[in-house]
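In the two assemblies presented below, chain A is common to both, partnered first by chain B and then by chain C.
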Partner chain A sequence: MKRSSWTDYQKDIADDNYYYARSCIRQNFFPGSEKVFLDILSKDLGRNIFDDPLHTSCTGIGYHSDVVPLETIMTVVARQFALMSEAGYENFTSSCITSFGIYTELLNTWEEFPETEERTRENLYKATGREFKIPKNLSHTSDVIFHHREEIARKAVRKLVNVHTGEPLRVVEHIGCHYAKIFPKKGVGGSEFPYVLAGMVESWGGEIVDYPERRHCCGFGFRNYLVQANRGYSVANSHKKLESMAPFKPDFIVCNCPGCTMFLDKWQYTIAEMEGTTYGQNGQGIPVLSYEEMAGLVLGYDPWVLGMQMHQVDVEPLLDKLGVEYDPSAKYLGRNGKYIGRPERAIVNSCSEDTLYKIRR
Partner chain B sequence: MKHVIIIGGGIAGMQCACTLAEKGIATTIIEKDSDLGGKIRSWHVLFPTFTPADQVLSAVRHRLAKAESVTIKTGCEAVKITPKCVTLSTGEELTCDAVVIATGFTLFDARLKEEYGYGIYDNVVTSVDLEQMFNKGEVRLTSGLTPRRIAILHCVGSRDEKVCQRHCSKVCCVTGVKQAIELKKMFPAADVFNFYMDIRMFGPGYEEMYREAQLMHNVHFVRGRISEVSPTIDGRLQIKAEDTLTGRPLKMGIDMLVLLIGMRSNDMNPTLEAESGLKCQPSGFMQPKDSFLGNVESPIEGIFYAGAVTAPKNIGESINEGTAAALAAAEWINK
Partner chain C sequence: MINFGFSISKPRTIDIDRNNLHKSNEIMHEMPELQTCIGCGTCTATCTAGNLTEFNFRKVHTLVRRGEYQGAYVEMNKCMLCGKCRLLCPRGINTRGVVMLIKRKLGDF
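Right, the complex of A and B next:
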C-alpha cells in the first residue's frame, strides 16, 4: 500500500514515566499481554512505568451500554487522573481502546465545555476528597510500543518472517473503532489508514495485508454483544471481516483493542461450529494476537509466558512459521507448573488427536 | 495611456486584457505559472457542447496576441494590491490606474478525503486527471487494461462540512455527466455509474445532456455517497455506498473511481484580505461589492474582480466576467 497520509497524523507520545491503566477485558482474557507490556517497558526498554493497584475500571462498558451516566464516568476518569497525579506521574497510558477513547472524549469535552470539568472536579472532591491534574500526555499502550518500535527491532531475536520460506509474514491489522474513528488525530496514522500496528509490523519485518473490510468493526460493539439477542449481529460483523480477509491468506491477525482481539479470535470458533467454515490455511483458524504478544514473540518471550494458550485459535502453526521454540507440554501449565485445564478440541484448532500434548497433571 | 494590472492570466484575465486593449487601455497580466491559460489548459472538451477546450483558449490567445499594449509577466505573484500599485513577489512595484483580480480558484486536494484512497490506491483518479487522460487520447488502468466498470463520485470537497467546504462547486455535476458520456463513447461496453447527492443542471443544455447520458449512453445514476474505497484480491476496487432512493446499502467492485473534485477558494485570498483590505466570504471566495449590481467590483474603488475568484463559475461565465470587469474598470478610470 502506498501509504502517504499517516505521516500527517502524528501525535506526541511520552518517552518515559508512564502511569499504566489496565483493561477489564485484556487483563481477564489476555492477562499475559498486560504482564509482558510491563516487562517490555521496564526490563527490555528500561523505562519507568507504574502499575497502580488502586485504579478501577473506567466504566466504559457500562457507559457505552447506557447504564453509567456521563457525569459518573467523568468522575471515575477524574479519579484515575487524581491517582496518577498522586503517584507523581504526568503521562497516562491506557491498555484498553475503549478507555483510551473515553479518556480522549472526556478530555475533549472538558476542553470544549469547561463547566463540565468544573462540575467533575466538584463531584470528585465531594466523593473522594481528591483533586486531579489533566495528563500531560495521553497515549494508548500501542502508541507506546509504536514509539519504541525501532528500539524493539534492534533488540529483536527474530523477525516476522516465515523461517521456512524467508518471506515476510502477511499480517492483518485491526486497530479498533475507538482508537481513531472518534478522534482521528489522536491515533497514529488517523482512522482511514492507521499506522500504529502497521508501523510495528513493518519495522519488525512483516507485511501488512489490506483487504476490502479492513475498516469494518470486529463486531464487539458493546450492545451487539452484551444484549444476548444481538449476538448474531456481532458474529455477522466478524464473519464479514473474516470472509473478506481470507482470500489474502494472512498468517495472523494483530489487534489493538482487547475486545477485538477476543471477538476475532473466539468468533472463529463460533462460525466454525455454526457453519463449518474456517478461515486459516490448512483448514484451521487464523491466529489472533495482541500487539504485546507480537512484540513479545519478536523479543523472544516464551509463548506460554505471553499467555498464548488462552487463545481460542491455536497459535502453534504461527510459532512454527516464526521458528519459535516452545514446549508443547508446558502449554497448559500456569505459574509454578500448575495445570490450568485444557479446552475441548475444536475445528479451528491445529492439533489433531494424535498430537495432543501430554499434560503433566 | 491609462494602465490596468490584471492579477491572474487564466481565461477571465485574458479576456479582460483583450477587452481593455480594444478600449485603448494598456494592461499588464501577472501570472504565477509559466504560461497563460489557467486551468482550462488541462481540460479536454467543454460541457455541454463538447467544444474542445483548446479551441476556446486558442481563440482568446489569438485575440490577446493581436492586442496592443499588453505586457505579460509570468512566474511571479502579486503580494500587495492597491488601486494604484501592485507589489510583486519579486519586490517590484508596478503603478497603475486600476486593478482587476482574476486569480480564480484552487482545486480541492482529493487526498483530504482519505476514505477514497486517492494517492494510495491505483486507479483512483480525479476529474482533472481524467481530463489529462482524455487529452492524451488514452484512458487505461495502471495494469494497462481498459476499464469495464467506472464509478464517478460527485461532490468531493464540495458541500462537505467535514473538509470545511460547505459551498457547491456548481460545475462538477455537469462535468460528471460530460465525463461519463466521454467514457461511454470511449468504452461502449463499460458500465459507468454516477454517485450523486443532487444533480444540479443549472445551465442551458445541461439538463438535456443529463437526459442524453441516460437515454442515449445508458449512464447509471445512483443517488448516494460513496463511503469508502478498498482494494480487492484481484486488483480492483471495492466501493461501499448507500442508494438513498432504494434505501439500501450497496457494495460494488469497480475498475476505476473518478473523484469530481470541487473548486475551493484561492489559497492567496487570505493574503488579499490581510494585505489589501479586501473581504472574503465565509466560503473563502472574495466578496464582491454587491451580488446583483456590483458583481465585478470589490468594496475598494479601483479594484475589480473577474471569474472564479468570487465564486465557482464555468468557462462561459468567467469569460463574461472578464469582459464585464474590463468595462467596469474602463468606466472607472475614465471618470
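Right, the complex of A and C next:
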C-alpha cells in the first residue's frame, strides 16, 4: 500500500463548540494534559469548549473487563449524550481512546440495531428522567488537535527540532488500538496508516520513526493487567515494541491513548528493574509524552505546568534538546509552591538525584 | 530486586530473521520438493505413530523449515517409517525421506 493511502480515510472534525469528556486514566496519571488541552482550545485557539463537571466515567474499563454489562454502559453513554444535549452542544469530544471506541461502537450498534437505542432511551428515562440526542460530530481530542495543527504551527514558539544539531527530533508515535482498529473509518488515516499523530509531528517540524512493531498494541488490554499474574503478558507487548524501536534511537514517544502513555512510560521502569534494560540514549529511558504535552511544549507552555513531573521517565533530556527553559528546582513544587513529593531513584531516570530538591524540602 | 509478582512473558513468535536457517536451507536444498508442501495435514491425519503418540509430522517439519530445531530429532524418532503419509501426500513428497533427512541433519539438536 502506498504511504499516501491514509488520505482515503478522512473524517469530519468539528471546528468549534465542543462538549468535553475527560478520561479516567489521563486525569489521574497525566492531570496537566487535560488542563492544557482546555487551555490550548480556549485561550490559544479561541474555541468554545465545555468541561462539564456532571459527566462520569464511560465505564469502558469495566466493560472491557466483563464487569459492566452492555445495557449498563449504553445507559451511561446515553447519559453523557443527554448532558451534552442539555448543555446545548452537538459536538462530542472525548479525551480517552477507550471512551472514543466505546462511543463509536455504541453509536454503530444503535444504528445497526435500532431496538437497542429504543431500550437505552427507555432505561435512561426511567433511571434519570433524561433524554438525549445523538451527537452531530464525535471526535477524539487528538482529532481536534490534528484539525488545528496548522494553526498551532503558526503560533508555535518552537519546533520539534534539536536546537544543538538543527536536526528534526525523531519521534515514535503510538496510536492506541481502540482509535481506529475497531472502526477504521472513524479515525484519521484508518487503522493501517493512522495519520493523526504523524500529521501533528510533521506539521511541527519533527520526523516520524517507522519501525517494525509500530502498530503493535502496548499491552494495556484491560484484563491483561487487572489480574497481577497476567501482567507478564501485558509487559511483554511493551517490551516487544521497545525492543523494536530502540535501534532507531527515537528522541521521544508520543501517545494517543491515556493507557498507552501510562504503560509505555511505566513499563520502562518495570523492564529496567526486571532485566536492567533501558531503551533510551545514554542508558536512560525514552521520554513518553501525550499529544497535549507535545502541543503544549510547541506552544511554549512550562513543562511543570504541563504536568511532566508526573512521568516515570524523566523528560529533562528532551527539554534540553528542544531548548526549553525550565526551573529544575520547581519540578516537584505543585501549585502555590507546595512540595508534592518526589519519586525514588530509578535506572530509567536521569535526574533523580538533584540536591536542589532536598534544599527546597 | 523488586518482586512484582509477575515476569515478562516470553513470546511464542518465530523470528525467522534471528533463527539460524543454515540447517533448514540444507534440508530444503537436498529435498526441494518439500517447498511444494501446502500444509494440508494429510500426513499427520493418517500417521500411525500420531495415533499412538503426540507425534505431529506436519508441525515438526514446518518448525524445522523455520529454523526451530529444538526437539525435532527426538520427535522424528517417534516415526515408524510405515510410509502411509507418502501414499496420501497430494504433492507426492517423499515424506519418509524427509523424516530420515531431518534426523540425519539434526542429530545434534
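By definition in this document, the second predicted complex is superposed on the first by the 351 of 361 C-alpha atoms of A that agree within 3 Å, B and C clash if a C-alpha of one lies under 4 Å from a C-alpha of the other, contacts with A are read in each partner's own complex, and residues count from 1 in each chain.
Here, contacts are C-beta pairs under 8 Å (C-beta built on N, C-alpha and C of every residue); 3 or more make two chains touch, one makes a residue touch a chain.
Since the structure is predicted, the reported quantities are computational estimates derived from the model, not experimental observations.
Asker: Who does A:P303 touch here: chain B (first), chain C (second), both, or neither?
Answerer: Touch status of A:P303: no partner.
Asker: Tell me which partner A:D210 touches in the superposition: chain B (first), chain C (second), both or neither.
Answerer: first
Asker: Quick check for you: in the superposed arrangement, does A:G190 touch first (chain B), second (chain C), both or neither?
Answerer: Touch status of A:G190: first partner only.
Asker: Let me test your reading of the model: by the given contact rule, A:T270 touches which partner, first (chain B), second (chain C), both or neither?
Answerer: Only chain C; A:T270 stays clear of chain B.
Asker: Looking at A:P250 after the superposition, I want to know if it touches chain B, chain C, both of them or none. Which is it: first, second, both, neither?
Answerer: A:P250 sits against neither chain B nor chain C.
Asker: Kindly classify A:Q228 by the partners it touches after superposition: chain B alone (first), chain C alone (second), both, or neither?
Answerer: second
Asker: A:A236 contacts which: chain B (first), chain C (second), both, neither?
Answerer: In the superposed model, A:A236 contacts chain C only, not chain B.
Asker: List the residues on chain A that touch chain C in their complex, please.
Answerer: Chain A reaches chain C through residues 228-233, 235-236, 239-240, 270-271, 273-275.
Asker: Could you please specify the touching residues of chain A with respect to chain B in the complex?
Answerer: Residues 1-5, 190, 192-193, 210-215, 247-248.
Asker: Tell me, which parts of chain C touch chain A in their complex?
Answerer: Within the complex, chain C touches chain A at residues 1-2, 4-11.
Asker: Applying the document's contact rule, which stretches of chain B touch chain A when the two form their complex?
Answerer: Listed in rising order, the residues of chain B that touch chain A are 111, 114-115, 117, 119-121, 228, 230-233, 238.
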